[in-house]
Amino acid sequence: MILTVLVVFVGGTTWTVVHSFTKSKLLPKLNFVGLDQYERLWGTRRWLVSIENLAMYGALSLIFTLVIGFTLAALLDRKIRGEAVFRTIFLYPFALSFIVTGLAWQWILNPDLGVQQVVRDLGWTTFELNPLNNPETVMYGILVAGLWQGTGLIMVIMLAGLRGIDEDIWKAARVDGIGTTKTYVRIIIPMMRPVFVTALVLIASGIIKLYDLVVALTNGGPGLSSEVPAKYVINYMFRAQNLGQGFAASTMMLVSVAIILIPWAFLEFGGKKRG
Amino acid sequence: MKIKQSISGLAAAISFGLCASVQATELEVTHWWTSGGEAAAVSEFAKAFDATGNKWVDGAIAGSGGTARPIIISRILGGDPMGATQLNHGRQAEELIEEGLLTDLTDLADKEGWRDFVNPSSLLDACTLDGRIYCAPVNIHSGQWLWLSHGAFKEAGIDVPQNWAEFVAAAPQLAEAGILPLAMGQQGWQQNLAFGTITVAVAGMEAWTEVSVNKNAEVAAGPVYKEVFEAAAAARELAKGSNVQDWNMATNLVITDKAGGQIMGDWAQGEFQVAGQVAGEDYTCLPGLGVNEILDTGGDAFYFPVVDDEETQKAQMELASLLVSPKVQVDFNLKKGSLPIRGDIDLSTANDCMQKGLKILAAGNVLPSGDMALSPDTQTQIEDLMAEFWSTDMSAADAQASYAAIIEDAE
Amino acid sequence: MADLNSDPQGPRPRRVFSRTNIMLYGTLIVVALYYLLPLYVMIATSLKGMPEIRLGNIFAPPVEVTFEPWVKAWSTACTGINCDGLSRGFWNSVQILVPSVILSIAIASINGYALARWRFKGSELFFSILIVGAFIPYQTMLYPLVIILREIGLMGSLWGLVLVHTIFGMPILTLLFRNYFAAIPEDLHKAARVDGAGFWGIYFRIMLPMSLPIFVVAMILQVTGIWNDFLFGVIYTKPDTYPMTVQLNNIVNSVQGIKEYNVNMAATLLTAAVPLLLYFVSGKLFVRGIAAGAVKG
């Protein structure tokens, strides 16, 4: 199994990188053109906009998902009534396919159908909530729906982590008179480091692969203002039938992931041995 | 590959010609027609095919461009293809043909005289590579229609326009009455469709052909196209405040009299019908924006991947022959709401807008569709440009310059 | 407090109507409303007829409640020429789901355990490659996978699909288990080795019982991912064995024609039923994980 996984991931990635130097169209072919695809890629406005969007969305999504996910988990972990109900409510969006949930969000955020109209009907006639049709705010609109879908899973992972922490720790903290918040920040969170790493990778990989959500909510619009890299890759591979261009874009994505991951891997394995 | 192709073509022709056995062969057919009306239309194919003693195994996958295509191609590449598959005809299948993965239908087409009855002939040209025919066209869809709401114009107290210029002139009064003049879904393909329609109306067929077919970047950068971009920029103003994504949401604005009009393909008609509206009374359709009554002739076609099994090959040929046969053409297209590919059949039961389309076809005022003229890569680039142009303040001159650059690089 | 160990941990709020308590429940309820809003819109829409939907008030409760969209989504909606709705692919989905989930979680948990406790040569490189694998968009791997499956002769078979799901589940799952196991105190492991327990002994007798919550998380991830998968399901199988999501896609994703929003919503909710059921049922395991963990004390 280990071998299969290696063959698929290493082999598949190498295959992709090699074909990014070709001018493959509909079918993968080895007709090399050097760096042409990359030159075109970096000269394309849509790609540049995509990267900018992803950076902005990524930073916000990472912070908010971690904070909200952990806070919800901590709240649920305080022996509350109806934990199962709340947990299911926070988690259910994860199970719904975005093809249609996206439509529900589109409606809610639509100025003529959704929240804006309801609030205006209540009397605040100048109220404005129309994020998806404004190039300046569209990524925030997507973020609202993205957090809705993704935070539940992180909450569950955090909750599992919290459940793994010894009751004695809490007892000891209470005996020492340390406040609840302080206990979380000083003791619990550092103990949960591996769980946070898992959550981080999960969130980050979700961000990089961000595609369905955008397609369902805006399809990249208005104009190009909510385009993201994964959408560029998939569009160019399958819609434009320009595999070379799509592979060049996905190679760039992998390179940037590697740039972030390699230092982390050194920190994790190179420094102190913990095993 | 060439040899393999002609052998399999020959084998298919022989087996088709000689055997008339009644043994049932299962043929898996992939297509992306899944809505109610589309499914009803496909069942006409399936029924007719099953009646020949074979069996239609349905492999419907909704979503043409991004969804169905990678699936279809993967299956063909995986060496375990379906018996037949829908694909947009035009340049999209060229590579599969060059790899020898699609069956040559030329012998069948010659025998049945497809060249004689397929109208317009550009449909068959789109199936042809190096003189050989590889697909069976089944219908015609056209994009150049302006749909107008009678209710909206009544509310604004003006007559329903009869062409694009009148529509533009009426726009301020619509806006005054609180009606959005032009409904536009905020997606690149819809904006590109509107642009293409305006192009044909403003620049005319000659300039369009020079740019889209001959890839003449000079014309694209020239004065005729300057007018096109200025007209498009004016249309952009009319569509300001159109906060919808899906094309049918935009159509719904026209149906509910919230918008004056929409530029959309003939498939928009289904929406009006479902809402119980009558052409000529509740809405008007203007092909070619009422300026140049010209329609493009996009549409759907079926391709037949090369398979080893002789029985399957035989069934493939039977299906191909069936798809273009007169009765199946009528039954299918009436349900689908599209135009038939044959000029020699009677469609008197079709409604108003469809009749208009038929008349234009009969007169031969047709263009090849963008699918046939431009590569998907070029089309995607133009769509990206249009998406940006329609939703920002990008100037007409800048857009024209970028457009000319894309045409310059087009293959 | 005999059942102390079976309860969630954390400081116990003292009075029922304390200020903290009001804040706590207040926050949870407000957040829950935000999470429930789209669900409300979807359910309300799924119970309306099309004319009512065209009126356009998405928040209005249905005037005339109709279950027809649900019936249609399940049993009569057409996907191509087959008009038997989602029911067509339900069992296919189950057949794909069960082996894929079991296999991927079994392998990943052992992988994670080995990586956390039994370092082997190259294990760190292997782990790093896995992590990078988590970031690859599936779509770019489509054609290489087709080629691999064709070469090993699994193209078009159920086991080919199970293999694909297992491979793509591997990165995140392995990471999940490795990091969870890594947080379990080292001493336990050492003590067990002194007692003569081997690789499998420790895995089954110590690691497994202590990590029920993380198995639940893994299950949530895999069941959701595989149940909702569309792309692999349709490429690596045949029409007869298409999963339910193919029908869902066909119902909601038609290129032309009328969009029946009520049927779309009903179909989506129906498709999500299996993972949702799992989320709810698995709640029990979240608590019991700690009870079993008490073994360690």
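Some observations on this one:
A, B and C are the chain letters, set down in written order, and residue numbers restart from 1 in every chain.
Heads up, the rule we're going with is that contacts are C-beta pairs under 8 Å (C-beta built on N, C-alpha and C of every residue); 3 or more make two chains touch, one makes a residue touch a chain.
Treat the numbers as computed from the prediction; the structure is a model and nothing was measured.
C-beta contact counts were set side by side for B-C and A-B; B-C has more. Distance between Cα centroids is largest for the pairing of chain A with B. Averaging Cα coordinates per chain places chain A and chain C 16 Å apart.
The geometric centre of chain B is 39 Å away from that of chain C, both derived from CA atoms. Averaged Cα coordinates give chain A a centre that lies 36 Å from the centre of chain B. For chain C, the set of residues touching two or more other chains reads 139, 143, 249, 252-253. Residue positions of chain A with contacts to 2 or more other chains are 112, 234, 237-238.
Annotation for chain B: residues 70, 77 touch two or more other chains. On the side of chain C, the complex with chain B involves touching residues 54, 78-83, 139, 142-143, 146-147, 149-150, 155-156, 231, 234-235, 238-240, 242, 246, 249-260. Within the complex, the chain B residues that touch chain C are 28, 31-40, 42-43, 46, 56-64, 67, 70-71, 74-75, 77-80, 246, 248, 252, 256, 267, 270-271, 274-275.
Against chain B, in their complex, chain A makes its touches with residues 25-27, 44-46, 106, 110-112, 130, 132-133, 135, 218-225, 234-242, 245. Only residues 65-66, 69-70, 73, 77, 92, 94-96, 99, 186-188, 243-245, 375-377, 379-381, 384, 387-392 of chain B touch chain A when the two sit together in their complex. On the side of chain A, the complex with chain C involves touching residues 1-2, 4-13, 15-16, 28, 72, 74-80, 83-84, 86-97, 99-101, 103-105, 107-108, 112-114, 118, 148, 152-153, 156-157, 159-165, 167, 170, 174, 180, 191-195, 197-198, 201-202, 204-205, 208-209, 211, 230, 233-234, 237-238, 243, 246-247, 250, 253-254, 257-258, 261-262, 265, 269, 274-275.
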